[in-house]
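Multiple structures are listed underneath, in structure tokens.
Both complexes below contain chain A, partnered by chain B and then by chain C.
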Partner chain A sequence: MDMLAQQIVNGLSAGMAYALVALGLTLIFGILHVINFAHGEFFMLGGFVAVLAAKWLGLPYLFSLPLAVAVVGAAAWGVDRIAVRSLVQRRDGLSDVLLSTYAFSLLLYHGTLGIWGPAPARVEGFEGSFDLGPVTLTNQRLFILAFGAALIAGLQVMLTRTRFGRQMRAMAQSRFAAQVVGIDVAGIGTRAYVLAAAVAALAGAMLAPVILFSPLMGSNTVIKAFVVVVLGGMGSVAGAVVCGIGLGVLEALMSLYLSEGIASAVIYSLLIAMLLVRPQGLFGKAA
Partner chain B sequence: MPLGASKIAAGCALAALALPYAITSPYYSGLLVYAAVLAMLATSVNMVYGYLGFVTFGQAAFFGLGAYTAGLLTVKLGISYWVAAPLAMLPGAALGALVGFASLRLGGAYFAIASLTAAEVLRLLAANWVDFTRGPLGVLVPAAPLPFQELLGLSMAQAYLAVVLLALLAVVFALHRLMASPYGRAWLAIRESQNLAESLGIETTRFRVVNVALAGAVAALAGVLLVPKIFVITPDLFGPTFSATGLLAVILGGRGTLLGPLVGGAIFAVLPEVLRFVDEIRIAIFAVLLLVVVRTLPGGLMSLVKNRRTARAYDQVDAPEAALAPPQTPAPDVRRAGNPAPLLEVSNISKAFRGLQAMRGLSFTLAQGEVLGLIGPNGAGKTTCLNLISGFITPDEGSVRFAGNDIGGSRPSVIARSGLVRTFQQTTLFADLTVRHNVLIATHLAATEWFASALLATSSYAKREAHRAALAAKVLATAGLAHRADDKAGSLPYGEQRLLAIALALAAQPRLLLLDEPAAGLNHTEAMQLVALLHKLRDQGLSILIIDHNLKMMMAVSDRIVVLHHGEKLAEGPPAEVRAHPEVIQAYLGGRKVESGEPATEARHAPA
Partner chain C sequence: MKQASAMRFLASAAIAIGLAGHAFAQAPVKIGVLMPSKSLVGKQGLQGAQLAAELINADGGILGGRKIELVSYDTNFQPTEGVAAAQRLLNQDGVKVITGEISSTVALAVAQLAKASGALFVAAVPKHPDVTKGGYDRVFRLNSTTAMDGSEFDGFLKNDIKPTKVAVLAENSDFGRLTIANMKQLFGAQLVAAETYEMNQSDFNTLVTKAKGSGADLVCLAGSNMEQYGNILRVQEELKFAARRCLMPGILNSRGVQIAGKAAEGAFSADIYVPTIQNAQNQRFVAAYTAKFKETPEKIELLGFESVWITAQAMQKAGTSEDTVKIAQAIRGNVWNTPRGEVRFDKDGQASSGPLIRLVVKDGKIVPMAR
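Right after this comes the complex of A and B.
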């Protein structure tokens, strides 16, 4: 029983990372109607910045978070300029952006590999832990949960209460109509893309101390984030959050009984089964 | 064209046999094999993505399944690899049929993710079922010499290359044949518009399942053929790398073209090797090249080859005059002959959308050869009525009988097959295809086609194709669009697009034609053209149910008019009678609603 509770708590923090990565994917899909193949690499880069901040610059962990946002945000701005912004409006925008962001995911992954090599790296996060009854929670995991929840709440407020949020939601409804009423759709698209990348980078920087940084962590996570996005319903923010955290917990629980590979296979099979029963996802609206 | 294609194929086959003699280095023959395998994988992706319009992220599921089946059959059962190879396509086809069936409910991005997930499940199974697959260590498949290689004086690597090239050629040639057949046309129709395809009698389910199953078999074959090159079959074959390579090769080469995937696949195989001299950064250079191509050539590399023949290849069928079918429509004098059983009988149908009762207890009939007009203010339920009759929505209550059969709740394609064909309010066309290709697609119902006869291009198949082509030519002439046959449908002026939409329905050889606002948006000249066409069809004895807001036209072409208001029948009768009906005038011009006394809000919807 204690073991179970411990796994649930551990799964929550992994799930928070899935949720944040999926949130960005679903945001980009909802607003720009394209799939961002490079999104996992933004997550990985966030972790990588945390590694470099500690190992090369000797900065305390907390400073690596804004640094990750700045570096990855700048990178995402560049990716958007070259690979997304001018391609989304094409007739075959979906496939063109798929291809161009795939090219960037190769560049980012192999660039990291070239700088760092394939070896995993340890990042020191917040030290210490405390006990909650039978469950031990490290401070880093607590930080992930608290900061992640704050991020999600902040995004929610931004989407519903701010001018930028309303413009994004207008674009999600209809790019054309948004343009007609005078919204700078290309600019809003860029800001949304950079925002999503920054959230993924934060998730990467937060999770790196828990899971060990590796250049592969982007591609490993992005598949699961895809699963989360589809489970939650494409473009649904609540769906991405609930399903992301749910997936993390489910994985942690299943790891008690099954090997990691089989556990993933079971989860993916469940996904396919659910898609057949409820194709619009758990939180999507019926077609 | 088929003859030309056969000649080209024969030439290529000779080249595929000759080429291995010239390549003695195992490195180069191995590279060519790899290029051909990726080209085949890309071709299978192109079938699903380029021709059917479903993005697939998981084509490696079939690819790996083929390799594993062939390898395990060889290792576990001791079957010769070359015997196991064709058998190994079967699980790929079966999984494809399953995925194709699942795609009934999964469109767009969902299909992409579901296919990616299916591949992941298989990869994880292969990696974790260690007793059976040796897990990540992989299945070791011993080299299998080909029986004929010594006879031909070829080394094993050379013979293997010949087999792979011939297999690729066979796949491409077969696909070329299919694309020029009703199968290929049905796929393109589904890609362009699922609803239009259904309305023309194309059973979208069946053709989707066939497509994905065939693509699964092709991808499996690609996986099978990779085995002698790699010796060890590992779970990576199911991995996202191969899925992505297949998809990206198609996008790079040009989706929906026959040769694009071959070019793309070859580039993905060769370029990283060519760039080996810059070892460290070769992937980076490859990525940059990809970016350049995608930014500068949106249609893929094949868009560089501006060959009008390729663009038109699939709509060219010889149509000798002799093949012209006799008119399928009944003689005109059937019309108004007494009062036989009605052709269409709508009884008491109702339909509610959530809370909104769009249709309540509507009944009317339509006699053989009659032109029935359905009018009513906006929101009266006219289009709902048409959707209910043509099977696009199912009535909550009531029945629809057509030619004596109950068709309520049948699929649109089944209803179309029985002779009831509709058009759409929005101009729905296959915009990227030529006018002739559009109409050829619409001749789908003219004759049932078997897969094998299309593939083998039998003489009876050629006859049926000629019949379809003649029918298409006849329909184009009827609609006055013959001079537009080689133009892209999307490039026609609006009025001609509306006429083409009717031509498509006519090519399905209906007994009853349902027209949904055919005159909407037409200028006066175009409307006159439309009226002339309707009169012509009426004189040929075609039964027509027509909805439109152009009351002048409706009064001119209709034998009888039914007026709908708030989902109910308000009046029915000859045009003159209906025009004078007080309730009709009130519904159109506003004022108080007669029965309920509630103020009518429809006045502003009155047609202009």
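Right after this comes the complex of A and C.
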């Protein structure tokens, strides 16, 4: 029983990471209707900025979060200008963007590998841990859970209550109709792309003290995020959050009874079953 | 005018001949080095090899003053790339002796190629037992094998550590699975948890929670990725899992300790080398390496170093840099002084250097365990 409670808490914190990475991915898909292969590298760059902020600039950990948002946001703006905005209008634009963002993901990965090398790095976050009855939770994981939840709530308010949010949702429904009513679709697209990258960067900077920074952390994480996005429904924010956290908890619970390999097989089977039975995902609307 | 240009011609001809003669007398001895040099371990191994060449050249070279020249290629842990690189060394670069490498699969492929072309291959780090079992007397290996490590370490765990319940956390690889099988045999019902993790896994909370739930008082880690075992040690500390921490022989290094921080304190292991060994060779090796690369060398650097060092000394003893049969006989027939002490080779070409050194992490440093 104690172990069950501990595994649920473990799963919640791992699931929050999946949810935050999947959130940006699904946002871009919902609004721009493109699959952004560079998303995992924005997550990795967020972690990288946290490492450099601590090692090169000697900044305290909390300062690295806004820095990660600024640096990765700027990088995402550049990627959008070069590889997304100009291509998405083309006749085969959606598949072109798939390839151009993939090219950028390789560029960002190898660029980081070139600057930093293959060695992993440790970032000090909030040290220490505390006990809640039989359950142990580290301060950093508590921070991820609390700040992640606040971030999700903030995004939800932004999407439903602000002008920018309404413009994004209009674009998600119909790019053409949004353009007709006078929305600057290219500009909103860029802002949505930068916003998604900023969320990924925050996730990377929050996770780096837990999973360690390594240039590979982006490509390792983004695969799980893709699973979450498909399960939750491509473009669905609620789907990404619920399925991300659900997947984390499911993995942790399965590990009690199944070996790691079998547990992964179960998750990927779920993915195939979902595509066959309910291709729009749990929270997606049928086309 | 005419006379002047004739003079100039003669002068330049004389210089050219002089240079050619000089170059002939001093033609360098080329040694091939294969390493996955874009990876951290590959880079460490290559730097060890480079230092060996540098020290030999500083001592005046071999075979009457000839300098060592390394020709190195990246193998990227891939047998196909390793074989292509070895072929380039043998056919284009005119190299007769190949050294280095980390990966066993690459080494197995290169050993076959060496056999087919009469070359000498001195493998540095690969651990698979079959590397030296190809039935070719010009293949050597410097690292210890998993079986050699196990035969000593098992007794140490069983008789000195005396755990009541044991958990093994192993990477999902040959090495990890072999370790689990071995521990099952060794501890039987005392082995209460045996879990594997994927080579790209980065969150270990659920894994460690399971090991903690098993009630083990000794946790053995079997994984060569330092970021993974370093992180597992941290999570053990965070979840207040107080079991003793053991790393299977050959995997403990200072970068892993750095990642684990204070969670590594008291963790123990065993290995063939530790930089604090007291002998003149080792002091020179450590000082020169630290001066050149700003890091303390460990086992991988040592094995890269030895592969070039022993090969070059054997060429000197055999009196040839070309005749691989004679060089192989010299390697097998002599005892070699290296930074880890005396190294000798058995009939299969497997190196050994006495018992493993038992290691423990103390005040953030890896030091030999007091016996």
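We take it that the second predicted complex is superposed on the first by the 281 of 287 C-alpha atoms of A that agree within 3 Å, B and C clash if a C-alpha of one lies under 4 Å from a C-alpha of the other, contacts with A are read in each partner's own complex, and residues count from 1 in each chain.
Convention: contacts are C-beta pairs under 8 Å (C-beta built on N, C-alpha and C of every residue); 3 or more make two chains touch, one makes a residue touch a chain.
Since the model is a prediction, treat every value here as computed from it, not as a measurement.
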Simultaneous placement of chain C and chain B on chain A, clash or fit: fit
Which holds for A:V227: it touches chain B only (first), chain C only (second), both, or neither? first
Contact-wise, after the overlay, does A:T136 reach chain B, chain C, both or neither (first, second, both, neither)? second
Name the contact category of A:L271: first (chain B only), second (chain C only), both, or neither. first
Could you work out the angle between chain B and chain C as seen from chain A, using CA centres and rounding to the nearest 10 degrees? 100
Once the shared chain is lined up, is A:M3 touching chain B (first), chain C (second), both, or neither of them? second
Should A:M217 be classified as contacting the first partner (chain B), the second (chain C), both, or neither? second
Once chain A of both complexes is superposed, is A:G11 in touch with chain B (first), chain C (second), both, or neither? second
In this superposition, which partner touches a larger number of chain A residues, chain B or chain C? B
Which holds for A:L256: it touches chain B only (first), chain C only (second), both, or neither? second
After superposition on the shared chain, which partner residues are touched by A:S64: those of chain B (first), chain C (second), both, or neither? neither
For A:Q167, using the defined touch cut-off, is the partner it touches chain B, chain C, both, or neither? Pick first, second, both or neither. neither
Looking at chain B versus chain C in the superposed three-chain picture, what is their shortest Cα distance in Å? 5
Dual-contact residues of chain A, meaning touching chain B and chain C, are 259, 261, 264
Chain C partner contacts - residues on chain A that touch it in the complex: 2-3, 6-7, 10-11, 13-14, 17, 117-120, 122, 129, 131, 136, 138, 210-212, 214, 216-217, 220, 251-252, 255-256, 259-261, 264
Which stretch or stretches of chain B touch chain A in the complex? 49, 55, 102, 105-107, 109-110, 112-114, 116-118, 120-121, 124-125, 127-128, 240, 244, 247-248, 251-252, 255, 280-281, 283-284, 286-288, 290-291, 294-295, 298-299
Residue set of chain A touching chain B in the complex reads 29, 35, 82-83, 86-87, 90-92, 94-96, 98-100, 102-104, 106-107, 110-111, 114, 219, 223, 226-227, 229-230, 234, 259, 261-262, 264-265, 268-269, 271-272, 275-276, 279
Would you mind writing out the residues of chain C in touch with chain A in their complex? 38-40, 43, 172, 195-198, 200-203, 205-207, 209-210, 212-213, 226-227, 230-231, 238-240, 255, 258-259, 261
